[in-house]
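Going in written order, the chains are labelled A, B, C, D, E, F and G, and every chain counts its residues from 1.
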Amino acid sequence: MSLLVEFLLIFSLILGAYFSFLAIKSRDLVKAIVFSAGQSSAFALAFFLLMAPDVVLAYLAVAVGIYTIVLLYAVKKTERFEEDE
Amino acid sequence: MSLKDAVLGVAMAVFLLMVSVVVVLGGTGWTPSTEIRPLAKFYLENCFNVFNRTWWAASPEAVTSMLWDYRGIDTYYETSVFFLAVIGGVTIFRVTEAKLHRKMDDVGLSLIVKTTTRMVFPLVVIVSASVALHGNLTPGGGFQAGVILAVGPLLLIAAFSRSFLEENLKLSKDRCLIIRSVGLIAIALLVALPLMAGSLSLMQNQAKPWSQALQLPEAVGPIWTSGTLLFFNVAEFLAVGAGFTLLFLLLSAPEEELKRAIGL
Amino acid sequence: MMDASYATLAAALQPFIAIAAAFTLPLTSLMVKKKEALDGFALTVLSANFALSLFVFIHLYLVCDKPLVYAFGSWPPPVGIVYEVDRAGALVGSLISGLVLIAAVFSVGYLKGEERVNLYYTLLLGFEAGMLGCVYTGDIFNLFVMLEVMSVAAYCLVAFHREVPEAIEAAVKYAIVGSIATTAYFIAIAFVYGTFGTLNMADLALRLRESYMPISAPFLGNVLLGSALFLALTFWAFSLKAAIAPNHFWLPDAHPAAPSPISALLSGAMVKVSLFALMRYLFTIFGGAVKVAPVVQALNYALILLGGVSALIGSLLMLTQRDLKRLIAYGTIVNVGYIAMGIGLASPSGLTAALFHLVNHAIGKSLLFMASGAFIHVAGARNLDELAGVGKRMPLVSASYLIGALALAGAPPLNCFMSKLLLLVAYLESTWLTPVVVIVVLTSALTLMGYLKAFYHIYARQPAADITSKRLPASMLAPLLVLASLCILLGLTAPLFVEHVVSPATSSLLSVQEYVSAAQSIMRMVSGG
Amino acid sequence: MNLTKRVLGFAAVFLLLFAFFLVASASVSPADIAMGLIVAGIVAAFTSTMVIKEQPHKAFDVRRWFWALVYFLYFFLVVEPLCHFDVAKRILHPKMPINPGIVRVPYNLKGDYAVTMLACSITNTPGTVVVDLDGNGRKFYVHWIDVKTMEEDECRKAISGAFEKYARRMFE
Amino acid sequence: MTIESFLQICGYLVLAAIMAISLYGIVKGRSLIKKLIALTILGDAANALIVYIGFRFGAKYPPVLPSLTPAPEDISWFVSVAVDPVPQCLVITAIVINMAITMFLVFTVIQVYRIYGTTMVKKISRLRG
Amino acid sequence: MKTVILFLIPVFGVSVILYSVRVARGPTIPDMALAVDCLSYDVCFLMALLAVYFEAPFLVVCAICLALWAYMFDLYMAKYLEKKELGE
Amino acid sequence: MWDLIESACLYVGLALAVTGALCDLLGALGLLRFPNFFVRLHAATVGIIGGAVYPLFGLTLMTIGCDFLGYWRWLFASGSFITAIIIAITAPAGSHALARGAHRSGVAVEPKLCDKLAEDRRGD
């Protein structure tokens, strides 16, 4: 019965992998930031299923919140697109 | 994506996959792990063992009791890593004066967001205080609560503006630095508390048979403080909240003014 | 007994005091605006730390030869974090705190007119705390934390000259590379915890030898695989931090970009910390354990190879440099190569040579960086052409620069000559690695050429027309003289120094039994009493 | 006058936050009550002027709370399910029968909270989203999934008629 | 091979894949900010790896004792179901440290842009010559 | 009750997949931000549900935190889209 | 009597949770099917309000009804209740802010019947 939860764990990790692949691939840095926020949500679910509430609280705050915002600040203050050449 | 990139990526992936297979097959013990390691068992057994208080940390939360008691000095230095990063940020962004000359009504998001944020702000602070004060009983603790506390000023920065924070809550950069320093000094004093009480051990929480000294009790009246853990959590809570506020105040300073002030 | 516990407390207090002082400094600077007060505060704290580290050093060398173990929160080893200081740790620790003190004295003059002095001293204190913690700690994860304290402070200090393009760029590069390295070390910790279920160094050493501490239990995973992964990742991480050959690319950017006293500390002290951690892992913990012997052996050979390569690369690239500080920074890569070669020999004589060279290079390289800092401070430029003839106006600084350069290149009566000699002897003793001595001799000659080229530019060339007649403050001159006299003193008393200071340190690094039993004695004291 | 206003505002915010603290801690043990009093006091002292700018006495009016309760039940039990059902039908319908557009919806309310509550109610019901508002002209710009009319008053009747009545009773 | 061990191996594989992806991003990223994003992902994957090592298949419970007045059997039940707290403690420390470094890097990257006018790695090195 | 929860979990898993498809495909940035937002709230409810399923009361706290951070994410995204400087 | 209330709470809560799951699925489907951002907002509202707020209220009721959770059901209930309240307050403000930002950054409103906001803004 609880195997479903283990499957959910693997599922959330795969989701995180998918999002991180998209984040690395995309040229638009804002899109990359949004993807990494999605990856953080997926990882937060994974940490939750790994039974680490303390880690989830710290991780959510840092990854969904602080990283996203601070990187948005950085993109806003610098430039948005990764150019070729 | 050129062929070279693809080859590089595939090579990395293959290497790491091999490593992980090696790890699974022999490196990390039981597969699947249905048992825990003996040291972890020790922590789980003893962190709130009310029947044999020799090894206990007086907190039912194993992670917090490890963070601030069993492996407390790690957390002390971890706090200092964040402190040094904040100082590094100040070193780079420090300017004497950079002010925004614009009216309050033009800045920020729409009225709806402003009102909602005004309403949510105290709730955020209350939630964070609840997390911090119950940090030694339920998940959460100083850092987590501090980050939630920082949500409040961050929401205000987004919905109103940076100057709103400085005018309405009187939170300037210097004040944030003061709050942060006070919190950190409190942590340092709490670490050195047993030293002042005549024991030779830093960071001691509960008295032990082999190291008796004047210690804080595990509960003050009805409040379960777990010795020093609650105070550590509160101090860290203030320090982290103020630190994040400081960093984002620095980051949200208007770019043109900053450039001019730095002299670029 | 009472005495020993005070000595252990002295070891534990050093990083704690440094960080606590760093916490108070911003507050102090808001209340007291004067630069002199901040200088005084920082110098007081640093000299207190130096005194404490000397106390530990004297205690370990004269009173009691067992490693000192300090248990934080009075939790015995496998449960809590311990600081474990043996003679080698005390030697490196007192070296580091002395160097930081000297650099702080140098910065008093160097930072005149800078408005961010409080932040500088805060970072400097944090830097010292990180380095001392790395040296003293007896816990694998605490080493990671202290490494990060040290690294973050170093990144911030490299970026201190925020308006200089090279400084900021070097800081970004250095920080990215450094954080990859520390993440690798963190993954290594994951493996070691998964395999052994412990984070204490002494406990780990015990478990590798089929024994365990009271609260622990037998092995869990495959020891060879787990340790191989751990050692490989750790080796890679620390070779990045120590700038051993293929991973040296960040050093020539980062070290010169910092303010001069910090360059001295980065090259003189911080690189040594990583090398010391590597020694600790390769000898005290994993060395001599039969189960992991092939892995350790392979890593030793890798160290010899990479050390030789980095000595060659460093000395060759040194000759082409036109930037004074960059030239000196390449010299660091050469000397790191020597120390790595000494470690890789895995014999007592090689280790003695490595430790002695570590001390000598720390002193000599700090001297060189500070002297070049003095030149640059006066001339206001870093390029050799623009520095032409500055040395003539400052004979004392030039003399100390010359002493440092000769010492580092291995001129006979000075200190590095002795340690290089020891290294050569160690290699000649070994069975089939004798040809490596050619590298040492060759690179020594090349470095000598490099340093003398710089000296020629500084001293012998005609000065440019409008060179300023800025006077050097005494607080910048005194550290140079102290370090130069230390160079000469260590060179003259080398046999005594090696016999009474370095050899005991080497034997303490090699004696696993003492290291472990010191940690066990705490546990015994706890459970017995 | 000013002082009473401030005290009243403080009291209102304090009570709200104290209740919130107890709910967040999920206990009414003496320890939590003690900590809650302290924390709520401190936070209310800092934020009461920010949360309630004018007429704090409204917070102690029982009739307003009664209307709030009625509104809450009405909104969550009647309006929301209907709108959900409507949008769900559009999502599932193979042809997707939508004719969206942004229309003007005037309102006649004064306080910040009233306007915000109205806008949040409109946004919370699927099918209508407040895109922007014109504070001086007292108009919402509402994105409507099924534009039936472009006349301002009829839009008002269709979208925000019921909510505005309750908003006035609660906040004015 | 039981299904649990298969699942565990799957978890390790996915984590390794994430690490590979992020390492690729760090090496090949053109922009400093892209490198930063990849760095955060690498840190996350490392954290997940160590928590995963401390995970317990089957019986599980967060390492928080749900009572302030426990009976002896409560504690033995807790020990038999709770997951390993040590990696969680380590991970919280590591999260804070990674966050601190990322914050500092963002500050420096912004300063790099102020000086060089770009965040592309190649352009920066070309400017220096 | 637990069986019902067990059947609810896959449904939420499917909607998480659908949301993430929109995140990946989303032509514009607001689309993606909206989808991440929905995903976060979804994960938020999933956390509360799983806490009940595991009978571990302390796990609920995570949900509150996630809701707050998702709101924050929205605001900063909106601020970015409005082409203002983020601190104004 | 209390038993009756408990079981009523339990079943109402379960019903709400099941409806919430369906709403969530519908919202996700709508987010995929709808043609532009502003129309997708409505589907997202279904996903958030129907898919998170309602089931969280349901969870509150459900856990109050759960006898076997003992004292801890109050923690569950309060946690999910607070989450529901916070989402119900903040989600509309958040999606409004996003919509405003999107409109200002020039995201297409096509297909549309009318766009009064664009007309008025052009006048400014």
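In this text, a contact is a pair of C-beta atoms (placed from the backbone, for glycine too) under 8 Å apart; a residue touches a chain by one contact, two chains touch by 3 or more.
Please read all numbers here as calculations on a predicted model, not as lab measurements.
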Inset, instruction - Please identify each chain that touches chain E as well as chain F. - result: A, B
Inset, instruction - State the chain with the largest centre-to-centre distance from chain C, centres being mean CA positions. - result: D
Inset, instruction - Take the average of all CA coordinates in chain E, do the same for chain G, and state the distance between these two points in whole angstrom. - result: 30
Legend entry - Between chain F and chain G, centroid-to-centroid distance (C-alpha), Å: 11
Legend entry - Chain centre separation (chain D, chain E; CA means) in Å: 39
Legend entry - Junction residues of chain G - those touching two or more other chains: 29, 41, 72, 75, 79, 82, 86, 89-93, 95-97, 99-100
Legend entry - Set of chain B residues in contact with two or more other chains: 19, 23, 28, 37, 39-40, 43, 61, 63, 71, 74, 78, 81, 84-85, 88, 92, 109-110, 112-113, 116-117, 119-120, 123, 127, 131, 138-140, 143-144, 148, 151, 154, 224, 247, 251-252, 255, 262, 264
Legend entry - Multi-chain contact residues (two or more partners), chain A: 51-54, 56-58, 61-62, 65-66, 69-70, 73, 75, 77
Legend entry - Interface residues, chain F side, partner chain A - complex: 6, 9-10, 13, 16-17, 20, 23-24, 29, 32-33, 36, 39-40, 43, 46-47, 50, 53-54, 56, 58-59, 61-62, 65-66, 69-70, 72-73, 76-77, 80, 85-86
Legend entry - chain A-facing residues of chain E, complex: 3-4, 7, 10-11, 14-15, 17-18, 21-22, 24-25, 29-31, 33-34, 36-38, 40-41, 44-45, 47-48, 51-52, 55-58, 60-64, 82-83, 88, 91-92, 95-96, 98-99, 102-103, 106, 109-110, 113, 118-120, 122
Inset, instruction - Please give the residue numbers of chain A that touch chain E in the complex, ascending. - result: 2-3, 6-7, 9-10, 13-14, 16-17, 20-21, 23-24, 29, 32-33, 36, 39-40, 43, 46-47, 50-55, 58-59, 62-63, 66-67, 70-71, 73-75, 77-79, 82-83, 85
Legend entry - Contacting residues of chain B [partner chain C, same complex]: 19, 22-23, 25-30, 37-40, 42-43, 55, 69-74, 76-78, 80-81, 83-85, 87-88, 90-92, 94, 174, 177-178, 180-182, 184-185, 187-188, 191-192, 199-205, 208-211, 262-264
Legend entry - Complex interface listing, chain F residues touching chain E: 54, 56-59
